[in-house]
Each structure stands twice: as structure tokens, then as C-alpha cells.
Amino acid sequence: MSTDAVAAIPGDTLRERIVDDLRSAIGDALLDSLVKPGDDVWVRVRTDAWRATGLALRSLGFDYFCFLSAIDWMPSPFGKGEDDPTAPAPERDDTIAQGYAGGETRMQVLARVVHPTLHVGVNVKCDVPDSEPVVESWIPVFAGANWHERETHEMFGIGFAGHPDLRNMYLPSDFEGHPLRKDFPLLARIVKPWPGIVDVEPLPGGSDDEEGDAE
Amino acid sequence: MTSTESLIDRRQLSYIAAQAADARLNVELETEGMTLNIGPQHPATHGTLRIIARLDGEQVVWAEPSCGYMHRGYEKLTEVRTYPQVTALVNRIDWLGSFANEVPFILAAEKLMEIEAPPRAQWIRTILFELSRIANVSLFLGDLGVQMGAITPVFMAFRDREYVLNLIEGATGGRFHPNFDRIGGLKDDLPAGFIDETRVVMKKLRNFCDEMENLLFGNEIFQSRTRGIGVIPKDVAMQYGLSGANLRASGVDWDLRRDQTLPMAWNKVDWKVWTHPDGDSYARCWVRLQEVRESTRIVDQLLDDIPSGPVMAKVPRIIKVPEGEAWVSTENPLGEMGYYVVSKGDLGPFRTKIRSASFNNISIVPWVLKGVYVPDIITILASLYFILGDIDR
Amino acid sequence: MLTAQFLLLGAVLFCIGVYGVLARKNAVMVLMSIELILNSVNLNLLAFSVRHGSVDGNTFALYIIAIAAAEVGVGLAMVLLIYRNRRTIALDDLSEMKG
Amino acid sequence: MNAALLAADLPYWAQALLRVLGGVVAVLLPAGTIVYVFLFKMMSFMQSRLGPMEAGPYGSMQLFAEVGKWLQKEDITPERADRFIFKIAPLVVLVSTFLLVAVVPFGPDAWFTNFEAGVFYMLAVSSVSVLGILIAGWASANKYSLLGGLRAAGQLIAYELPMVLAVIGVIIQAGTMNLQDIVLAQNAGSMFGWDGLGNPYILTQFVGFIIFMIAVQAELTQTPFDMPIAESELVSGYMTEYSGFRFLTFFIAEFATAGVFSLIASVLFLGGWGIPFAWFGWDTMDSVDNWMNVVGPLIMVTKMMLLSFIIMWVRFSYPRFREDQLQRFAWKVLVPVSLVNIMITAILKVAF
Amino acid sequence: MPKVPGLLKGLGVTLNTLKRTTIDGANTVQYPHEKEAPPVRARGVIALREDNCTSCMLCARSCPDWCIYIEGHKELAPPRRAGGKPRQVNKLDRFDIDYALCMYCGICVEVCPFDALFWSPEYEYSEPRIADLLHDKVKLGEWMETVPEAPALEAGAEKKGKK
Amino acid sequence: MLAADLLVAQNIGFGIIALLMVVGALRVVTVNNVVHAALWLVVVLSGAAAQYLLLSAEFVAITQVLVYVGAVMVLFLFGTMLTRARIGAENDLNNKNWKIAIPVSLLMLGVMSWVIVDGFRDEKLIENPGEMSQVPIQLISDDIFGPYLLPFWALSFVLLVAVIGAIVLARKD
């Protein structure tokens, strides 16, 4: 019955122990970590230790590969596409702010592995150098990373050293650009103006500040 | 190459050897190699998946799925939409079990907002979640027959799935895309008469499961088509991140409904996680059949004691989710469906990584199809059970 | 009906078959030509069977058909073997009897 | 159909014409009936639905609508196909069906031809359809079609052997290869000295009957042996590229052959145009009353429907085999079993 | 190879279904002749009560597909109380929903603060031309007749006024 | 039916079928597509079966259809499709001495026709065509299992050897 299983679900001490174990395994390659109480654990590792982290996690018993992706922390220069195309472009905050466990670069690779018997997962992040966006491939660690890395490469333009074939998964092979990067415009929001821009025409000659007593 | 890799290679080789030993007539006529394109328009790939298979006679030397014919870029789309709008969007990922897609996303947003739906909402969510699982997997059971040439099961599946869809539509208004979950609860309460109807339907579905067991699973032809075909060992399944029934059929006792604490009602009732040690196509199909049965049991028990009360927690009218990151995954009909939501405190998510089950499940295809025969491609694909929208997102 | 008309038909088929065996390069085509020859023989056998009012001709025609089936079976197996090893079934290229 | 009945009075050409017309009726009528009763209605009912209901009462005119639809469809030939062969292939298959029906006796005098070696002829002619299927698959210039054609050829050859062997038991028991005589032998026969029931060979040759029906199922490429057309694997196998009239030809051939094989099976195993308790002691073909020429065909159609029902029932219920399993089943199960059956039959024949 | 029981059981299932369909009738409905009534909550088509609409643009703004087009102008209406100031009201000029784009999420119905939009379970409005799926305010108003009452709720639900 | 009628009908039938067979046989050895050649061969073989029927050998004719058309030709087509059956013409089906083959076979034909015509002149196949009836199968079986039993055994052995040989040759390993 499920009550035993619920009892076995680990608490935050276990999560902290996992971080400690990982730190002892990879040393100072572990840059930062965050244990959110009752929730989840995030660690950030050095770029050159990306594969080593994977191997270390496997040896810690994290055999289940959940997903691998990336995050582009740059705020979108296009907003939500709900601006009036005739009006001047609005000012937008373009400071890059990374999320949990910090970061230094615009893009981060994010992966999640899970311990199949302890039922606890770890979110691993690693910075992707802005100059040369390449990290090590995780295929030798988890064979299933193959497709995830292909997808990430296609969507973010992040290279994976040691990946046998980084072909596009979804898009045509001659597609230019990396759609999930924030500076890639979403065409659907550009070709057509937002119907919410059009507002009710004011009363001819009437002043706008005057409020009727309706509703 | 690590040691595990060579182990996998060895298993793969022995698997190929075993398959080759079964060669028809034991006389293999070697023929010119041939590349067969299965799809994108092919009756076996329910959707527009394309499998490029290099054949030697009828044996597959190398196979590679090529997806993307239905890529809709949902991860990008979520970045320009508000949270309620995203709920309508994620319905369309696994379109056969739509309601189940909404739940983890809403739970992730609720986690970031640190609110929890009231118990009645949790109960109803769980009931609808399981109903969508039944709707999804019962279609799988019927479709399985069609993939193997039996045309009758699919009609029976559609017949009984219709009852479930009627229930979902009666409660949510949407037959396929309910869009019923809201951050903090549900859009509305159940309509009167829902509980009684559901009980009747659950009985019908258990009957449907019996019929499938007699018509398909007990059939020796079906067994000889599926047993020992497409064996996925435990460690390979874990490496590729298989989930759901595919993982449990490889003998991994892991069900996210049981093994994590979510504000849902699964751990309030008595049910069983089915596993199968074989890891072959038959095991995958069999586990799914048992899961449909188990789901009907869960629904029946949940119906007995729905708590009364509101279905909506107190949430602001304009929902802004506080800054943070959250990962929530649930055991969807197809497997583990998770959302990694990054919020910057806006009306909509900053980035959403949609971890869909089929993407991982289908990524094992090149591995598992090596050395099988053309008819087995179909069996294995059918037993892995994917939804195109769930692969391409 | 004359005896000669069947025999002449047989002769024509036989000669066409001989031409095929001599002129064809493709092993399968040669086998087909041999079938032509065998059939012309059968035609003769049956014609004489009728001519002499005996069923022996029928019997041996049946034997020949059976032999032909066996011959084609083995012949095609050899062709496939050759094709597998050399990727061609042109007989001219097969100057040596190595597998 | 009763061409032979009128043979004495009619000139040569009229006889021939009658036979051709009779043959067309004997092929198209069962095909149409099977398609409507089983494919449209029984299948639908087995799947909790009603099937076609719009064309005519209970959709009874649906078949004509379908034929009309097919006839007005464009006759597409793939660009890289071998045009001539592509076009004649369906006709080869259909010709095989027409040649098959020619030996089936429908009554004491209602037959098209009365071959001495009728059973043997039937087996020979049924194998011609393989040729049509094979060249249809090849000429389509489509990989699925080619695979389907090759599969069909392999399967049809593999199942011809059990079929021949199953029939040999009947031949041994009846002592003749003439289908008409086999009917007579069954109905005029007796079991343990009691001749009320006659001696339908389904009782004494039950194993043979089962093997024959399995082989028929395979010859017709119906599920569980439908790999050549395997919808979910090969799209439609050798029929993939066919449309319009030529697809219709394949379609008619498929169901007409089902009907003809049912007819032959009922001749071989169910006593043909005779029924138990209505065989009034006739012991030679000439002594059979003339009215059997009218009743006989009706009895035959009834038996055909019965056997087609079984064929279709299995078709709608089972998943399909895999190619190698099918071959193994034919060579390792059916052939040995039928050989043993022949042996036992021969021994018993000699012993009694 | 195959043992008999499993194969026979399969035949039994189909025969049973055949029997059931013959006796109890089919599970399907002969569609154009008889129709199944969709449930009350079914999201078939959106109806517009034009009087309630103030062209506040909320629905158009929250539509994920941008398929609602609203144009309106302000206008002076006679005062509600005698002697009062003339009110300024929003008058609706255009209210179109493009059903070729709509994904039936129902957000517009929910966000409408003035109860101007309703779901109707009506579903037979397919058109041969895609452009005809753009329903204008007249057509949307006609759907109002088909809008049903909200259903009663299941036992244990907290009663609350319709929002 | 009159014997003379039958004779005319049979002769016309013979002529048509013989013409078809000769054309078919010529196409078999000249056409430049393996599958087409095989199909022409089917025409020849079916024609041969019809000729056998004319020669009152019903059983042999049916066997011809069963074995040749139903099995051997299918095997041919199967084999060619497994190896290299392309759609369209192939150029290199003839070898270089096909030019010599023509006079050789023509010479043979000449010699043989001269011998046949000289030897049989207008000798009738059977004196009274009306008496021609199909050979009873029983006679054939008596023949096979009587005087010609030894060849039958030898043949069975040959067939067995052929089956084993074919399997051994075609096996992959």
C-alpha cells in the first residue's frame, strides 16, 4: 500500500546529504547549491566538470535520467508581442538574472536525474560559456541524453562535445537560428497586431476623463 | 566507453542473435539492403512520425525515428502567454489524456505561489486525472489490436472510451481539451449526477478490460507476436528515461502517484502499482491493461468520499506568480510528464521546459529496433505507445 | 491433326531454348531457356504417347516436370548464392568456381 | 448455371455463352453476398455498430454505391511502374477465381466442367493467383508493394502444400479426384452401416477439414494470415498503388475466392449439394432426381455462407501472425499433421 | 503452437458482441437522423449578449489565439435618472470571433466581467468556406437562444452565486 | 459432335496456341527485362498446358499448371525480385556470342524440321480423332507404380536431394 512508500519519501536532510556526497565526489567543481525545504535540490557545477558530475551522480545511485535542457536567462527583447507596432518601442529591462543556484553566463544547461529507489531527484545546472557555447555530452553517462542534447542543440545552439550526430530533430536541417533563444522572435506575435491594442474610440469632442455613471 | 555500455552492447548483440535464430524457415535469403520509410503518412504511426529503417530482407539493420512533423513550439509559446492561457495550451500535448497534462503545470504554478487547492478540488482533480488516463489507455488497448491486424478491439475501445469522454465533457465542458484546472483549484464543481454515472461507467470499463483480456491478451497469436519482442532491460530503460508503464514493464517499481507527495488524492485510497519482470512488448501492454483496471478502482474509491467544500482557494484575480523555479511531474497516462517552470514574477512563465513522456519513450527506438523484423517494428512502436503531440510538443 | 505439327512446335521451342542458353548472360534467363527446352521435350513425349496409344509418355512427362521443379529449385539457390557473393548473376563474369 | 442440363438442345456457342454467364453469376453473386452480409453487416455488429445504413434499406444497396464509387475513380498508375504488368496483374488474380469456380458442382447436372481430376485442377488453378499478386507487387514500383507481393508469394506457396495434403485424405477416402463423385461418395456413403446421414467427410476427415480451412484462410490472405496486405505494416501491401477499377478487381477476386473456396470446402467435406436425410437412396449420379439441379445450388449457397461465416468470423477476431511464425506454423505444424492424417486415412482405408 | 482456449475465447467475445448488438441495438447513433444531446456544460459555440457588452476589450486581450475582434465607440446615452447628466457608454460596433482560430479554451467567457459571453452546446455550424467561420455579433447574438441554464451541482459542492 | 468438326476446331486451336507459344518463347529469349521474360515464359508454359489438353493428357496439363505456373514461375519471379529485378529495360542481358547463337540454333532448327517432315510426312496423330479421350488417371498411376516404379523412387530421391541442396546453398551461414 502507498502509506509505506509515502513514509519512505525523503526529507531535506537526505537532500543535504546528497549535496554533500556530490561535493565530496567532484570537489570544488560544485559551485553552488540550493536545497529548497520540502521541495527540491539544485546544484550548479563548473562547465568542465559537467560529465564528471553525471558520472558521480550515477555512482551515487541516480540511475534514472529525466531530462536535459537549457535556459536562456536573457529577457526577451520582444516582450509578449502585445505592443502597439505604431508606438515607439517600449523600454525593457535587459539585465540577465539567473535563477536558483546562481550563474554567470547567459545560458545554462539544466538536467535532472532521479534516484529510482529513494525517489529523490537532483536538478543539475551548468553555465554555458558565452563565447563558445559547448559543454560535454552526457551520452556516455546516460544513453538517453542523445535526443535531449540534439533538441537542446537545435533550440539553443549549444554544442555538445562528443555527441555523435547533432542533427536537427524538429526543424529542417537548413533552418537558421535557435528558436528557444530569447532573441529569436516569435513570428506569430509579429505578423499580426494584438487585437487588444485597438481601444474604444473616444467620443468625438468629448474629454476622456469624464466618467459616465454607467456600471 | 564505460563498463555499462559494453554490457548493453552485449545484451543487444545477444538479442539480435536470438532474433536471427528465429529466422523464418531458418533459411535467410540475403537481399540487397533496402531503406524503408515508415511514415510520415503510414497507418502504423498514429500521427506523423516517420521511421527510417534500413532493412536486410525483412530484418532491420538500423532504424531512426524522425519527428518534428508536428512540432508546435509550445515551450516558446508559453513564454508569451499568461498562466491561464498556458493551461489551455498544454491540453494539446497529449491530446488523449488532456486533463492530465494540465495538472502538473498547475501544480508547479501553485508550488511557486505557495498555495494549495482545497481538498474537494484535489479529489476532483484526481478523479478527472484518472478518467483521462482511462480514456487514453483504453484507446491504446484498442489500437494495439489494429496494429497487429485485429480490427475489432479498436471499435470496442472507442465504444467504451466514449462513456469516459462523456463524463469528462459533462464535468468540464471540453471533450478532448477540458481546460478545467485553475491555479488554486478548479473552474467549477461537478455537475449533479456525475458520481452515479461514473460508477456505472467504471463497471463498463472493467468489463471492457475483461473483453480485451479474452479477445487480445489471451490470444495465442497475440502472445506469440509480443512475447520476447522488443525486450528493454531495466538499466537501459532507466538510462533512456523511460517512464510510466514502459518502465514498470521492465520491472522497475516506480509510480509517481505513489512515490511523491503531491496535493492530490492518490495516497488516500488503496491501489496497487503493477510491474512485470519481462520488459517485452507483452509486458508493456499487460501493465497498461492492469493500470486501467486499477484506475477504475481508484476512481470508485475516490467517489465514495469526496469531501465537501469549495473547489477554489483564495487567489488574486490577476495571477502573478512569484519569482522562482519549480519542477513538478506526475504519472500521466503515457508516463512521467513534468514541467520545469521558471518564473520571473510576471503574468506568464519566463521559461517552461516540458518534459513529456513520449519523447523519452520514443528515444529508445533506435536501440530497441536493431535487429527486429518489419512486423515487429509495428508491435514495438505500438507497445511503447506514444502520442505525436507528446513527442513533438 | 498431324504428328509432325506437334513435333515441329517442339523443335521450334527447343531451338529457341538453345539460342537462349547460348546467348543469354543472366543466369536466371539461362534457367528459363532450359525450361523451354524441357517443355519441348514434354510436347514430344505426349505426342508420341498419343501416337502409340500408350500412357508411358504421360508418365515420363510427369517425371520431367518433377525434375524441372527440382532443377529450378537448386538452380535458383545457386543463383542466389552467386549473387550474394559477387553481387552479379552475369555468367560471363563467373570464370572461376570459387564461392 | 445449368448449362449442362440444356446441353442436348443448344448449339455449341450458346452453351459456351451460358457457361460464361453462369460463371460470372457464380463468382459475383457469392462475392456480393459475402461482402454485404459479412464484411458490412456482421463485422459492424461484432463491433457494436450498425454498418452502412443509408444506401437502400439497411444499407443493402451499399455495395452498388461502393462499386459506383470505385468505377468513377481515377485509374492511377504510378509513374515509375511497369505499366502493362501493373494493369494486367489484377486480371490475372480474377482469372484464377473464374477458373476455380469452373469445377464446382452445384447439382447432379449443374456444373460447368466435370474434370476427371477436378480436385487437382482446383489446386493447380488456385496457385495462379500468386502470380498475379507477385507481379502486382513488383510492378507497382513501391517498396511496400514489393514486400507485400513477396510475402504473399512465400505464404501462398507455403500453404498450398498443407492444402494439397489435407485434400489427399478426402481423395483417398472417396477413391476419386472428381468433385462430383466425391459428393456422391459422401451422400451415398454410410457410417457403421447406417446411411441416414450419409458420410460427410467433415466427420471422418475432421483434421483434414481444419487444416484445409486454415490453409484457405492463408490462401485468401485473411487475418490472421494477412501479412501481404497488413494494413498497419505495409499500408496495403501489393494493393497499395491500385485505385478505382483495378482495386475493385482485387477486391472482387478476394471475396469471390473466399466464396469459391467455401464452395469447394463444402463439396469436399460437407457433402456438396446433398444434405443428410434428404438423400433418397440415390446411389449413382443418374438416379438422382432432376429437381436437385434446382435445390442443389441453394444448398451449396447455404453451406458456402456457413463456411464463409467462419472465415470472416476468424478474420474479425484475430490479430495477425508474423511472417516467420506463419511459415513455421505451416511447415512445422500443418504439414506434419496432414501427413499423419494421410497415413492414418490410408491405413484405415486398406484395413476396412 | 497455438492452444485452443485463447483463440476460442476471442471468437466468443466477438460472437457475444454480435448477439448483443442484434438484441440490444448498436452503440452508435445514426447521426443525421438522431442526435445525441451534448451535456449542458459542453463548449460548442460562444454566444454574445450584446446589451451586456461594454466593449471593455478584456476578452480580446486575454484570448490566447487573438481570435476576437472588437471595435467600439463612445456615445452619449440618456441619463438613467431624470435630470441627471447624460451617461457616456461604450457602443459596440464590431464583435467577431474567428472560429477557425478559436481553440475553445473558454477564457474569454470567464474573464468577461459583465456576463456578456456564454457557452452554448450547439455544435453544427461547420462551413464549407473557412472565411464563413468568422461569426459577427449578429450571428453570435443568435446563439443566445441555445444557451442552457447552468446545471445543478453535485452534492457537497459549496453553493455560490454565478460569477 | 462430328469428328471432322472437332478436327477443325482442334487444328485452329493448335494453330493459335502454337503461334502464341512461339512468339512467347521468342520474347523470352529476346526481351530485356527479367520479369517480362518470366511472364512470357508463363505464356509459353500455359500454352504448353493447353497443347497437352489437346493431346488428351489432362493430368499432365494440370500438373504443368500446378508445378510450372504455380510454383516454378513464382520461384523464378521470387528469385529475380530478390536479386535485381529492376523496372525498365536492362541492357546487359545478352552475352557477346549471341550473334553466333542465331545461326547455330537456326541450323539446328533446319536439320530437325527436315528430319521431322521427312520422317512423318502427313502421318496422322490418331486415325480417328473422335475416339480421342482423356487419359484416365488410373492408367497413369498404374504406370507409375507398376513398370516405372524405380524411376519414381529415383525421382523422389532427386527431389529430396534438391530440397536439401537448395536449403544448404541458400542458407546464409
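Order of writing sets the chain letters: A, B, C, D, E and F. Residues in each chain are counted from 1.
Heads up, the rule we're going with is that a residue touches a chain if its C-beta (ideal position, glycine included) is under 8 Å from a C-beta of that chain, and two chains touch if they have at least 3 such contacts.
In UniProt terms the chains read A, B, C, D, E, F = Unannotated protein.
All values reported here derive from a predicted model rather than from experimental measurement.
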| item | value |
| --- | --- |
| Innermost chain by mean C-alpha position | B |
| By number of C-beta contact pairs, the top two chains | C-F |
| Chain of greatest Cα-centre distance to chain D (Unannotated protein) | A |
| Centre-of-Cα separation between chain F (Unannotated protein) and chain C (Unannotated protein), whole angstrom | 8 |
| Rounded Å distance between chain B (Unannotated protein) and chain C (Unannotated protein), as computed from the means of their C-alpha atoms | 61 |
| Chain centre separation in whole Å, for chain E (Unannotated protein) relative to chain B (Unannotated protein) (CA means) | 29 |
| Two or more partner chains touched - positions in chain B (Unannotated protein) | 29-30, 81, 152, 156, 159, 215-216, 219, 221, 224 |
| Interface hub residues of chain F (Unannotated protein), defined as touching at least two other chains | 59, 63, 71, 78, 82-84, 167, 170 |
| Chain B (Unannotated protein) residues touching chain E (Unannotated protein) - in the complex, by the definition given at the top | 81-82, 84-85, 87-89, 91-92, 120, 152, 156, 159, 162, 166, 169-175, 177, 179, 187-195, 211, 214-216, 218-221, 223-224, 306-311 |
| Complex interface listing, chain B (Unannotated protein) residues touching chain D (Unannotated protein) | 22-25, 34, 36, 42-44, 58, 145-152, 155-156, 159, 215-216, 219, 221-222, 224-225, 373-378 |
| Parts of chain F (Unannotated protein) lying in touch with chain D (Unannotated protein), wherever the complex brings them together | 1, 33, 35-36, 39, 42, 58-59, 62-63, 65-66, 69-71, 73-74, 77-78, 81-82, 85, 87-88, 134, 136-137 |
| Interfacial residue positions of chain E (Unannotated protein) with respect to chain B (Unannotated protein) in the complex | 1-3, 5-7, 9-10, 12-14, 17, 27, 38-43, 62, 64, 103-107, 110, 119, 151-158, 160 |
| Residues of chain D (Unannotated protein) touching chain B (Unannotated protein) in the complex | 43, 46-49, 143-144, 147, 223-224, 226-227, 230-235, 316-328, 331 |
